[in-house]
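Each structure below is given as structure tokens.
Same chain, two partners: chain A is paired with chain B first, then with chain C.
After this line comes the complex of A and B, so read on.
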């Protein structure tokens, strides 16, 4: 009986696993292999085994370290903003007795839009000088005009804001669902014990939704690290390299400069970082929560 | 006494509503504004400060759909790619998820971890080798190439989402079916799959949305034959710098399917997000 169950289980899992092996693991192996090659489509006569030279070059490449730094800033700030604003808004909406569905519908909209379209909308309709609504608002409020996507610091702020705009609704919806599932009687008891709103939040709500917060952080951090289309559409990494996170640097090195060997090495370093961050965050998750089952 | 309380809470409610409405506006505004702009004529569009009172025209939509900048071909491409990806993903993922969730699968932990790990690969780490591989196979700018690549993100995601739905089915149902001498395949088909119809629907929605919205692979591995709407939108702006009203119209048409799905399936999407969030997994 067990023997046949195992065999059946293997048989129905095999197709999916084989496809995964072929479509993800094989290309990854190819990526790692090409990161040890000189592989330049513009200068194919130089192609050949390169040992660690791509990685050595990376170590001394200031543009790489700049991209790393930007990736860190982009990920940490956008994830923090999403969690803080998402949780704040969820707590706010929980207080509103009616029409919660309106918020749910509105929150779905940014989530279902293609990031590339979001980037384009912001680049044109919102931020373009003498056209965009944000530009108009800034001037109408009496501030000096800011070239949002044309200056390094405003451009970085803009791409972080765009990402936060698109994905905060995700955090909001998850927190709203998890707040709605909290046991009401505990809060009633706390109220009777005269705990004030802040105490209730800090000592009850926060610990109870901690697992949801950690999962949101994990999922959002992974997406931030993989972010590409919105930045590509809004700034293309510019001005200069002001918004060139590691993704864009690896992409441009490969597909603009046609230096696939070095581009692969950059992508491998991103892969390692992503794996390390996810391992760290997952440890955080299992460390203090009791696993069900 | 009662009155003061009531008034205070009324004021508090008003304040809450205002704060919430402002935040709501921030999220709908770009879409609303895109709609307004898409209805303006080219001369009206560039008026600054922007005017809100104008005679709406539908010329931009007509151009976006039928004109020189027609996105019809791209829409068709997106439909083909997203639909095929979704179908293949479901056919592969449902049995695998069943085995992961309910059967004595050898090396289950290792294989589960492997599936999760494949889901975390950053797309830029795949687009580089895929360009080289598809180039060798002469599969660049082909439907089969694009769909194979799309399986890389849809399949692991679908397996994980489906596993969390499958785990919730009571075991008795399966046991009863097996005692009745139903084969394992019959059990899966007649007992399990009907039970997780909801979960399959959620998975279909997510996979389709992700495939429809994908850009990085599409822009580099597609071309003139396979050019999904996301790439068409991008090309539009890089070629025609200032035809913003047409861009807005084209983008709204391109996003109409996902917006409709989003609103219609809002409950299922939230459920999918939170199932993923509670059990780990889920990716966009």
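After this line comes the complex of A and C, so read on.
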């Protein structure tokens, strides 16, 4: 590139770069820095460099391991549900010859809602005891009343269901687009080769939309790991710590207990886990395409 | 005779919405025949083939394969193989897996599959490429892979939709020969869609000529070339196709372009308006002939194609290469009397003696 051109390019990208630096890199650096500090607004007289002591404390913190376990359960189950239900719905809608666009529009609605709204919506309208719709339905079907958000296991199931409800449409839309772009004649060839519907799904559809499935898993896993607003609005991590995933624990430590140093360490650990998981999934994505024979 | 490989279509009609793609199509394809469906683009060849494959169902009519009514049977129940225009190979499978797929679906025991795959691959000369994926093959190799996948199950009926159209000219000629050889050696029926009449002529035992969803003529390449049933077929077959000129027929006398030609036959008793057809190679340059003005001469290598105008009618004449003429020259031409085809000017139907 010419010298002046390069300078011009610098000039126009600089503001964006600066904003990016200020909003992402700087907070990240600050987060990592504070994770090595004792930084507790409740006990400011103890503040100072702490070395790895926050991380060492985390190692022996049963609430941390509990949060970690919940994060795992929450992520694996909600991503699995999103992929399975989303793909199932997409396959179903593909069978409909007309008016597929209706489903596309309906599918977008939950996605565009703010997660906080979704959390509150479920908490008040759907799951609230006595007048929530789900509660009503469960009793109408003759089951015992369940305090969905007040009991540990139902609360965990509820927050997973809420997340799945909000984000399955995303998976659905991606799969629908992916299915629509599959080559039709390949499936016709398979019909002539005597493959039945299930065999066509297993031997053709699944491998051919594999990239889409993996992308959905990656994107949804990253979001699930960092989920916050909907759970916060629906249960606040409760009852007790029954739905307190890592992100919530980090938030509470920092902003409720005002222990910023330890809260930062928790957040950094979540960051590392998220990066590790996505790196693993990305490996999975490229693994098959270059499979040696 | 055994019925395996026989295909019969009776009174097939097919509509897409308000558009009629096929009108009253009747076909009877014999076992072990190489049968071509020929016609211009959009004439319904592919639709007919897809109907035989079971990928499309007719609105009216009956389809029989091997003497069995399969009009509404799914493709898998028809015991056929098909080669698609774009090959439709399974992109995520290797060539080996592609060829093995029909066998796997038929639950052929695993230890039988490999030798049959190799055998099929050898027949089309791709046994050295079994580990590759379709994306790593040339067009010709993909086409062979599609062929191998079709022959591996050894069905009696092969459907081919313009299988050579994506190959370059030289490979097309070469593969054409091999295709015919293969069909002969396998003793199977082949139904072959093409819009290339040379392909149909050279490959087919018989062919059907399609126009606008109707079959205009069924016959051997010879019959279709030498005795076209209608003006439509006459104007389509041959490259270039025959010249068509308006004429008056009265007894054995044919009046064309102000000249009277004495025919060697007497097709009608009453005078009538006809269209005279004559192939470019059946016109000779002759000093006593009808004067025509040379518009353009095209060098075809072994011969020269003269584009002449008689009045306002363009006439193409295949001439010996050593004629030296300039554009604008007056060239007198005569027609080989026994090579003249006559068609009813109104109905377009061939007039026999």
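Assorted remarks:
By our rule, the second predicted complex is superposed on the first by the 274 of 293 C-alpha atoms of A that agree within 3 Å, B and C clash if a C-alpha of one lies under 4 Å from a C-alpha of the other, contacts with A are read in each partner's own complex, and residues count from 1 in each chain.
Heads up, the rule we're going with is that a contact is a pair of C-beta atoms (placed from the backbone, for glycine too) under 8 Å apart; a residue touches a chain by one contact, two chains touch by 3 or more.
Quantities reported herein were computed from a predicted structural model and do not represent experimental measurements.
Three-chain overlay on chain A, with chain B and chain C fitting side by side and no clash. After overlaying the two complexes on the shared chain, residue contacts for A:165 are found with chain B alone; chain C is out of touch. In the superposition on chain A, A:195 contacts chain C only, with no contact to chain B. Once chain A of one complex is fitted onto chain A of the other, the partner contacts of A:116 are limited to chain B, with no touch recorded for chain C.
In the superposed model, A:15 lies in contact with chain B only, and not with chain C. Of the two partners chain B and chain C, more residues of chain A are touched by B. Contact with chain C, but none with chain B, is seen for A:185 once the two complexes are overlaid on the shared chain. After the chain A superposition, the centres of chain B and chain C are separated by 80° when viewed from the C-alpha centre of chain A, nearest 10. When the two structures are aligned on the shared chain, A:208 is found in touch with chain C, with no touch to chain B. Fitting both structures onto chain A leaves chain B and chain C with a minimum C-alpha separation of 7 Å.
Counting contacts by the rule stated earlier, no residue of chain A appears in both its interface with chain B and its interface with chain C.
Chain contact summary for the complex, chain A toward chain C: residues 183, 185-186, 188-196, 199, 203-204, 207-208, 210, 293. Of all residues in chain C, those touching chain A in their complex are 53-55, 74-76, 80-82, 84, 86, 88-92, 94, 101-102, 105-106, 131, 149, 153. Those residues of chain A whose C-beta lies close enough to touch chain B in the complex are 2, 4-6, 8-10, 12-13, 15-17, 19-20, 23-25, 27-28, 30-31, 34, 39, 89, 92-93, 95-96, 102-118, 120-126, 128, 130-131, 133, 136, 140, 165, 169-170, 173-174, 177-178, 211-212, 215-216, 218-219, 222-223, 225-226, 228-229, 232-233, 247, 250-251, 254-255, 260, 263-264, 267-268, 270-271, 274-275, 278, 285.
Chain B makes touch with chain A in their complex at residues 13, 16-17, 19-20, 23-24, 26-31, 33-34, 37, 46, 48-50, 92-93, 95-96, 98-100, 103-106, 111, 114-115, 117-118, 120-133, 148-149, 151-152, 155-156, 159, 184-185, 188, 209, 212-216, 220, 229-230, 233-234, 237, 244, 247-248, 251, 254-255, 258-259, 261-263, 266, 269-270, 273-274, 276-278, 280, 282-284.
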